[in-house]
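Two complexes, one shared chain (chain A), two partners (chain B, chain C).
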Partner chain A sequence: MLRVNDLTISFTRYGRGVSRDALKPVCGLNLDVKPGELLAVIGSSGSGKSLLAHAILGILPGNCRVEGGLLFRGEPLTPRRQKALRGRSIALIPQSVGFLNPLVRLGGQVRRAAALSGMAGGQARHAADAAFSRYGLAPAVSRYFPHQVSGGMARRVLSATATVGDADLIIADEPTTGLHREASRESLGFLRALADAGKSVLVITHDLKAVLPWADRVAVFHGGTTVELTAAANFSNDLSGLRHPYSRAMWMALPENEFAAEHASTQGGEQGCPFSYLCGCSDAACAAAPPAPVLFEDGFVRCHHA
Partner chain B sequence: MLSYILRRAAHLLTLLAAVSILCFGLVSLSPIDPVDAYVGADVFKVGPEQREKIAQRWGLDKPPVERFTAWAGNMLRGDFGTSAIFNEPVLDVIGKRFMVSLWLMSLAWVLSGLVGFALGVAAGAMEGTWIDTSIRFYAYLLAGTPTFWLGLLLLIIFSVKLQLTPICCAAPPGVLPGDVTFWQAVQHLLLPAATLSIVGISAVIMHTRQKMTQVMHSDYALFARAQGERTPGIVRHHAVRNVVLPAITLQFATLGELFGGSILAEQVFSYPGLGRATVEAGVRGDVPLLLGIVLVSAVFVFAGNTVADILYRVVDPRIGWERAA
Partner chain C sequence: MLEAIDLGYRFGSSGPWLFQGMNIRIGPGEVVGLFGPSGLGKTTFGHLLGGYLAPAQGRVLLGGAALPVRGYCPVQCVHQHPELSVNPRWRLGRTLREAYDPPEALLDSLGIAAAWLSRYPHELSGGELQRIAVARALGPGTRYLVADEMTAMLDAITQAHIWRAVMDHCRENGVGALVISHDEALLARLCSRVIACGGVTGGMSAAVDLAGMESGEGFAGDRAQAAGSAA
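After this line comes the complex of A and B, so read on.
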């Protein structure tokens, strides 16, 4: 459904005077999502994961440069195609209630999303009502304003806006942030149901533990790239399935495992492997060049030692 | 709701008390002698006894505090006193002048509000384009333009050079107020209203534009874009609602500035409205009229702010009646 090849996002930043420097929060990122699959992109907070979602939708700010290939249904995602597809074939579930207009009633916002996905007035109203009941929201909620609903309810409304149309690819940005365990399980359950209905679901999150039971595959994001793409089942106490040392460190850092501290930085080495300076097994080769992806049947890994 | 009304009423009363004390104090300290100002050119024909009589009749022989309490006492009974220069009850003078100014001010107010809002929305939605740049340039230019200078400029162009509009006043000279036709009234209104609204526009533009760019960079605008909304759609479905509110508030809150502006504009065009009456009352030491105008305009400005406040509560669901007054 969606394939991302060597995606690089760079920002131009103005420093003092006329100096300019380029930031590359995403560099050489690869992943792919199949129909009926829930792919989790895991990375530490603030590492630029959301930029991936914005790049797929073509809504990055103007001072951004995007390089590399984005393929949707096998065809390149050009800015023109992104404009035509977003809201119709590709939908975003944003992080929080802050992404809803504070002065518009929730029902109105879901209806607008339906209209934007290509439905006519009456049909849009019908679809919005259906989306509300699908997520267990009482009809009265459609009269509420965003500030009047709880975090979990806001999540359901956001899910409703994203699924009111018939999008094939749904990108959920941090679907569990700020939710207690029950609500976050519910939020992920909705996404799983979408994948089971044949949609492609891309979940961007920092919460490995919460998303693992629901994901088919996991892409591990570090230093601006996906260091490993592997089956979710490989995250288990038998670490042999994980090929990248960062993935293993991430698993070990979970409280119920050994709580091994992981001091990941968002900015990797300029030339070498982004994990090289923290990795136990790094050597001269790691510092010299970033590893190319090595393919396996269920994914790939970028490591000189895998 | 009830507590809100009570709070506002208390505000108004304290405001009026403070304004009248302050104003009275300032007038008492003013170097203008009301009798001199009243007598004017006849200063040599009026002897000291006559002056004393005038002063006595106006109560000027008594100390300021006593004068103030007498005036305040009458005020509380609804008696604003008599204007010294017009020889009419103050309320009658204010009423007549206010009606003249009302048309001027409301036309200017509506024009600057609508045009300023439209330009501000356009500039904010097209941030960084040449349209935005030129609208901003225009607004900055106007923000630095003195009202009287703009008024004179318009007079020179439209009344002197092009002879399209009359040079002064609210009606042609020698025509009784009852005989003024609608077209004549409009013609006389045009330039003062244009002056007043052109000057008022820049604040509306800049304020609206700033709010507008804020909305265009908001998370919900980004999400709307992700849903396939284009810029005009974001403006229509998201921005206008969020921007119109502060714009309306600002518009009501600037009633005070409008009042101040109308004083200058009326002076330039010799437009016989409240603004001119204020200047005359000040220059000629007509304390009852001046205080009357000050109080009425305080109520007017206060009403504007209150309307803005109420509108906020009605339009923005996040603001209730019981929080902060």
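After this line comes the complex of A and C, so read on.
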């Protein structure tokens, strides 16, 4: 359904005077999401993984440069196509409930999303009602304004908004942040149900533990790229299924496992593997060049010594 | 000793009580967990301990006396969102050194790179900013730390790294901590004692000590082991 090939996002930062330096928060990122699959992209918050969502939707700020290939249903996602598909075939569930318009009643926002996806008046109202009940929102809630509902409920409204138009690819940016355990489970359960109904679901999150039980595969994001794409089941105490040292370190760092943290030197390898500053297996080859992806049947790994 | 005695809070003078009758005692160097679903006033409780808010009922005592009203507060709070606690227009070096000059060893153990200090908050990631917020809170005058979902936004590696550094600091300096989190496994790792808030009906006043979650030993044990294998 969606394939991302060697995606690089750079933006120019204007420093003092005429100095300009390019930041590359995403560099050479690969992944693919199949129909009926929930793929989790795991990485630190603020590490640039939200940019991936914005690149797919074509809503990056103007000073960003995007290189590499984005394919949706086998065809390149050009800015024009992105505009046509956004909100129809590709929908975003944003991270912040700040994306809701504070001045419009919740029902109106979901109806508007339905209309934007190409439905006519009566049909849009129908679809909005259906989306409301799908997320367990009482009809009365449609008369509320965003500030009148809890965070968990606002998130359900965002989910209703994103799925009202019957999109094939749903991207959820940090769907569990700020939610307590039950609400977080509910939020992921809804996404799982969409995947089970045949949609492609891309979940971008920092919370490996929360998303693992719901994901089919996991893409591990580090240093601007996906260092490994693997079956979710490989995250288990038998570490042999994980091929990248960073993926293993992430699993071992969970408090229910070893709570392990190497002492990180903050000097990253500028040209080599982005993980070499922390990696116990690093050698001269790692410092010299970033590893290219090596393919396996369930995914790939980028490591010289995997 | 940091003590909350019969603490209660409500908005205004007639609002519903967020909680009442909360008692807690944290000894120097002791790390205590506070666990429970959101919406029970755990954050407000942390604010009362840190002197950010005045209790509607009860008292907060540090070493038997009320918290100082002026100057550096010996109870420091660190929250989930570091971007809200730093001045967006200051370079981070200025924010970090506002209260005291953190020693190199602390910055190093928290993995803070010198280059970050000349940047502005929006140029750092959430994990990088949080490391700076933590360093800022661990001044020599800090006797207790209130960590309210301090690493809930961070990936597991960053979380483990920050907590290891904080626990080392607390142990070496006899600093006590209240760790507020919804992550039971994290609390079991860090705390010698965990207080669980009841469900929606129980509220905070029904808090009980969960004896079964004691595991402070485990943490110290791993650490000793890690040091041993490094030597």
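Descriptive notes on the structure:
Heads up, the rule we're going with is that the second predicted complex is superposed on the first by the 299 of 306 C-alpha atoms of A that agree within 3 Å, B and C clash if a C-alpha of one lies under 4 Å from a C-alpha of the other, contacts with A are read in each partner's own complex, and residues count from 1 in each chain.
In this text, a contact is a pair of C-beta atoms (placed from the backbone, for glycine too) under 8 Å apart; a residue touches a chain by one contact, two chains touch by 3 or more.
Keep in mind it's a predicted model, so treat the numbers as computed, not measured.
Of the two partner chains placed around the shared chain by superposition, neither chain B nor chain C is touched by A:Asn30.
Once the two complexes are overlaid on the shared chain, A:Thr161 sits against chain B while remaining clear of chain C.
Judged by the touch definition given at the top, the superposed model places A:Ser117 against chain B, while chain C stays out of reach. Touch criterion not met for A:Thr225: it reaches neither chain B nor chain C.
In the superposed pair of complexes, A:Leu92 makes contact with chain B only, with no contact to chain C. With both structures placed on the common chain, the touch criterion links A:Met250 to chain C but leaves chain B unconnected.
In the superposed model, A:Pro102 makes contact with chain B only, not with chain C. Counting contacts as defined above, no chain A residue meets chain B in one complex and chain C in the other. Those residues of chain C lying in contact with chain A across their complex are 37-39, 109, 111-113, 124-129, 153-161, 163-164, 182-183, 185-186, 188-190, 219, 222. The part of chain A that touches chain B in the complex is made up of residues 54, 57, 59, 83, 86-88, 91-92, 94, 96, 98-104, 112-113, 116-117, 145, 147-148, 161.
Contact residues of chain A toward chain C in the complex are 42-47, 177, 179-182, 206, 208-209, 249-251, 253-256, 258-264, 266-267. Of all residues in chain B, only 219-220, 222-229, 233, 237-238, 241-242, 245, 315-318 touch chain A in the complex they form.
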